[in-house]
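You will see chain A twice below: alongside chain B first, and alongside chain C after that.
Up next is the complex of A and B:
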């Protein structure tokens, strides 16, 4: 029911929205909860386990009951708190966990079975038989219990991530936070003020007390106006600080798009902020706690402070005949505000015998509420006092068991809060988060005047800590009533009294846990699931442990709390993972030849982040093998062109560069002549192969190293470590130039003709033997030429600055085609190298040594190098190790597979009998049969032996012959010729 | 977590690559004992308290740094260039 002249919502702007298909009208500024209450809708959902009717408990993000699904289709969002969701024109919401409808929920039979469904039910009941769990119990439970459901489709919405830095982060913009921000802002500090609500002001928007003679909302507006006028202040609403991390780092979720039908172009739904603050003031306020009594979960039973919020902020009376139940003077404010607004208050029940009197409504002192009734909403309560029990008709009960300071964030770095007997609540331990100062209600200060003062105090301390002199700020006059509270956790009696509304945990469950010796608070939590729902027990944890303390005969301080962990309130994984999907997770690295390759219909394959052409199909070719075979033959017989720019290129310069290279390569590079290239092998310190590549000496003090595509980053890191950490006395500089140069392999008997055609002056045969390198001019552009080969043919690699890559590639292909050659892709490159027995990371996979790949003689004797000492360990040079071999079919074998294992001919193909494995396989068009590389125990001594190749995954069992890994041109005549 | 790179200033730890204990800077001589090499390569302390590890400012200046931090409080106590430690300019 809307009350005239109450509230700060805009009555002139009606907003229509749907709940369960019915159109309701609210006003601008309403939440789904306030608008439904204004329409006298009190039943919003069904509980998790027992399907009990549930309504609205609170007016904030702690809401356990009023969860709805917002939207429909792929983007539908389940478990949205109706107390947080603002309404907008066309908003669509639906209730959850009910069938067939909210008022007639057949699953409510669970409630009748309640005696069997208490704490530990799952553990005790579903012990056997084991297969029943998967097939029967779990599907059944999942159907019956639960909250909202996801659509099962990909989330179509956009999420962002952002970063911010400030001197002082103020968390919460109630009276405390506003004064803290004002103090810091006037002192000249760089301030961020964040609040999870849609409007700043905290409780000042919900109370009728005056601040400096102004209403709360007016005073808030005045302070905000001053803050907005200062350029050292950033204000953010709808932004929840969800987690606290080391060194002043905070994670915060900004809800950018949830409150409007249309978003500005490009705006995300949510933004996840990482904020680094030199200091922080926590002004998170406090959360009211319910009282546990029989049937305290009926729609219409709400928190007393929430009733004031709906009345004073949204102008809504949650009932026509309201009762109030509490144990503090604070509860009396609710009754007074209701009476002032003209709402009938039927009774105030105060558990304290010395409660204050009222002339406006009956006060039951030393009394409690012991039960409630009503089918889908509250119709009456039972009041118990010394004389006996009586029923009072009421449609709304405002209850308050006191307030819990929101200490959550102070516990995220493992800090434990301290119990205070005078306010019956936990408060933060000072210093629990370095650089964070708790102030106001979250620090156990409950009066408005006290909060205003504490905000100034905390900000001043933080500023002084930063070396900033705090401005002299006087805190305004305001309500300053003492907080008088008597213990009231649970009203004794039969029946079920609810603690955790969201997970359906009762007082009885906690007692049951203690009886079964789950007496530690952490054990009780897990046994009963208390506090493990999406609200993380914000309104119930303290009450639950107070009851546990009582039944175990310990104090609350001794019982302690469970651990509060991030996030403070739910954060979508999509927001945390913003930019972490698709191209944000794996950006594309494209070679300069990319467009030209696509124009030639080359399918691209991923190589790390790079995309490389698989093959270049020609008309009439219908399978990749046809194209691949043709490209291999083209290189062997004419000329092929392949973009090899993805290989890592590292520029190494300085007078000590030769000495440096001798440390990182296992072979000697320092003796290399200028204008020559050498193959280099790099080991890890543990003696295993890290990477291989070429090293070209471009000048006396200038080298260019290439790495494999996959290991480029790792090698760069390794070189920097060797340079800075092991050889810091050397005068050498290294720099990655991978992306600065486009480099193309030109290979085949006609490569010389092709190269000569694009150089400004043809090559002089004598100056360019195999493994020569040097500067060249390519059609007027300064480039580099290397006479190296990964195919076994006479070949070159030609490099030009990357901006010329595209045009050079197109030119090379065009001219190669005129020579009956053309471009070749990864498939052909792989076949060519296997034919030559050249290794890649399929072979040097991290567990092989130089000895294993037959390169032990490369390891220099007369110098130290990384990996030298440990490569000599007996286990790494044992001839019985699995060592590199070639494999070819024995007989009419059609297929060989990489990953297959090798066994002695006749041996049973089981793991203990494995003699080795296959790493690379190709069909060789040059030789006309399959060929493979692999590792075999004592392989080099077993050439000519027939072994069994078994691939258990692909059901392949065949025989092959062990041969030398170099299948083609073992003398190397072609590459030198 | 924030690390103050001696060259770039205070940065988010995501800019850094984590390697491991700073022991890696104390590479034994080639002819050192097997035990010395075993210790260098394999044996690591697992302290509750102060520890020194190597980080690489991969998304920054490329400096290898030695970070002193407390594994219990997560406090980052110090950050110096690995090259300064290796050369003996810093302890």
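Up next is the complex of A and C:
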């Protein structure tokens, strides 16, 4: 029911929205909760386990009951708190966890079975037979119990990530946070003020007290106006600080689009902020706690502070005949505000015998509420006094068991809060988060005047810590009433008294946990599920552990709390992973030949971040094998062109470059002549192979190292480590030039003709033997030429500045085609190198040594190099190690697979009998059969032996012969020819 | 006689304008990565001064101006952007041509800082990151060099091969900022 002349919502702007298909009217500024209450809708959801009718408990993000699904279709968002969701024209909301409808929920039969469904029931009940758990019990329980569901479709919404930096981060913009921000702002600090609510002001928007003679909202407006006028202040609403991390880093979720009917194109739904603050003031306020009594979960039973919020901020009376139940003077404010607004207060029940009197409403001192009745909405309560019990008709009970400071964020770095007996609550331990100062209600200061003062105090301390002199700010006059709390956790009696509304945990469940010896608070939590799910027990934790303390005979301080972990309130995974959707996942690295390859319909495969053409289909070719076989034959018989720009290229210069290279390569490079290239092998410190490649000597003190595509970054990092960490005395300069050069392999018997055609002057045979290199001019452009080969054919790699890559690639292909050759892709490149027994990272996968790949003799004896000592360990040069071999079919073998294991012929193919494994396979069009590379125990000594190849994953079981890994042209005549 | 044609990866992608922010390609001319040899920084700075009228910048700083600028680029490395390097510099430092390795764009307009704040994990606000300041950092997943060249103008260098992803990521961030109005 809306009350005239109350609230700070805009009555002139009606907003229509749907809840469960019915259209309701609210006003601008309403949440779903306030608008539904204004329409006298009390029932909003069903509880998790027992499907009990539930209404609105709170007025903020701590809400455990009123969860709804917003929107429909792919973007539907479940478990949105109705107390947080602002309404907009056309908003669509649906209730959750009920079937077929909210008022008639057939799953409510669970409530009748409650005696069997208590804490730990599924640990005990569904144990037998064992196979039934996965197939039967779990699906059944999952269907019966739960919160909202995702659509199962890809999320169409956009999420954003952003970074921010400031001197002082103020978390929470209630009276404390506003004064802290004002103090810091006037002192000239760079300030960020964040609040999770849509409007700043905190409790000042919900209370009737005056600040400096102004109403709360008016005073807030005045302060905000001043802050907005300062360019050293950033104000962010709808932003929840969800987590605290090391070095003053905070994670915060900004709800950017949830309150807008239309989102402009490109607008994010949410932004996840990473804020680095030199200091922070935590002004997160406090959360009111319910009182546990029988049937205290009925729609219409709300927190007293929430009732005041609905009344004073949204102008809504949650009932027509309200009762109030509490244990502090604070509870009396609720009754006073309601009476002032013209709402009938039927009774105030105060558990304290010395509660103050009132002439406006009956006060029941030393009394408690022991039960409630009504089916889907409250109709009466039972009040228990020394003289007995009586029923009072009421449609709304405002309850308060006191307030819990929001200590959560101070515990994220594993700090534990401290118990204070005077306010019966936990407060933050100072210094729990370095550089963070808790202030106001979250620090156990509950009066408005106290909060305003504490905000100034905390900001001043933080500023002094930063070396900034705090401005002299006087905290304004305001309400300064004592809190005067007496313990009231649970009202004794029969029946179920609810603690955790979201997880359907009762006082009895906690007692049961203790009885079964789950006495530690962490065990109790897991046994009962108290404090789990979306609200993380914001309203139930302290009460639950107070009851646990009571039944275990310990104090609350001794019992302690469970661990508060991030996030403070739910954060969508999509927000944490923002920018990672679709193409945001990783950058694409495109070669200069990319467009030309696509024009030739080449399918692309990923090699690290690079995209490389797999093969170049020609008309009539219907499978990749046809194209690949043709490309292999083309290279063997004519000429092929392949873009090899992705290989890492590292420029190494300086007087000590030769010495440096001798240390990073296991073979000798310093003796290499200028204008020559050498194959090099690089070991890790542990003696295993890291990478291989070529090293070209461009000048006396100038080298160009190539690496494999995948290991380019790793090798660069390794070189930097060696230069800075191991050999800082050497004068050497290392620069990656991978991106600067487009480089193409030109291979095949006709490669020489093709190369000569594009050089300004043809090659002189004597100057360009195998493994020569040098500068050339390519159609007028300065380039580099290397006579090297990864195919075993007479071949070259030609490099030009990347801007000419596209042009040169097109020209090379066109001319190669005229020579009956053409472009070849990764598939053919792979076949060509397997035919030659050349290794890639399929072979040097991190667990193999130079010895394993037959290159032990490359490890120089007369110099030191990285990995030398450890490569000589006996275990790494044991002949029985799995070592590189070639494999070819024994008989009419159709298939060989990489990943298959090798066994002795006749041995049972089980893991203990494995003799090795296959790393690379190909169909060799040159040889006309399958070939493979692999590792076999003592392999080089077993050439000629027949072994069994079994791939358990692909059901392959075949026999093959062990051979030399070089299948084609073992003498190397072709490459030199 | 055939000839080779130069292509530029930004040509088909830029300029791009979203809201008040514009992303445009810029040609810095010749790029030379300079790594001074041991204890030759002072001599190199003098040689740079006499050949190109610019000094060796301190870490995270630049010297010179548009047309001839030296950007701090890494531990013990700077990038000379603009002129053909004087051959005499090679006496003091390794010179490596990077003209084709990096592509450069200018991000400018009201909100350019906000766009970068969505992708770059360092503080680029004017009070902290002043004109002429430079930083090597990440833009989303990409290694970049960012230099403030004006009140609301940044010069960003990225690997040539990543030009397309670079534009994609910046465009997404620009849309997000523009949509907030």
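Heads up, the rule we're going with is that the second predicted complex is superposed on the first by the 976 of 977 C-alpha atoms of A that agree within 3 Å, B and C clash if a C-alpha of one lies under 4 Å from a C-alpha of the other, contacts with A are read in each partner's own complex, and residues count from 1 in each chain.
Operating definition for what follows: contacts are C-beta pairs under 8 Å (C-beta built on N, C-alpha and C of every residue); 3 or more make two chains touch, one makes a residue touch a chain.
Just so you know, these numbers come straight off a predicted model, no measurement behind them.
Looking at the shared chain after the overlay, A:510 reaches neither chain B nor chain C.
In the superposition on chain A, A:43 makes contact with neither chain B nor chain C. When the two complexes are overlaid on their common chain A, residue A:655 makes contact with chain C while staying clear of chain B. Contacts of A:733 after superposition on the shared chain: chain C is touched, whereas chain B is not.
Of the two partner chains placed by the overlay, neither chain B nor chain C lies in contact with A:441.
Annotation for chain A, partner touching more residues between chain B and chain C: C. Shared contact residues of chain A, touching chain B in one structure and chain C in the other: 274, 276, 724.
Contact residues on chain A toward chain B in their complex (touch as defined above): 245-249, 274, 276, 413, 434, 685-686, 713, 717, 720-721, 724-726, 728-729, 864, 868-870.
By the touch rule above, chain A contacts chain C in their complex via residues 158, 160-165, 190, 256, 263-268, 271, 274, 276, 579, 583-584, 586-592, 610, 651, 653-655, 724, 731, 733-741, 758, 778-781, 800-808, 811.
Residue ranges of chain C in contact with chain A, taken from their complex: 1-9, 18, 33, 35, 37-38, 75, 77, 93-94, 96-102, 117-123, 125, 127-128, 140-142, 159-166, 168-169, 172-173, 175-176, 178-181.
Note for the complex: chain B touches chain A at residues 1-2, 12, 17, 19, 24-25, 27-28, 30, 32, 37, 40-41, 54, 56, 58, 62-64, 74-76, 81-87.
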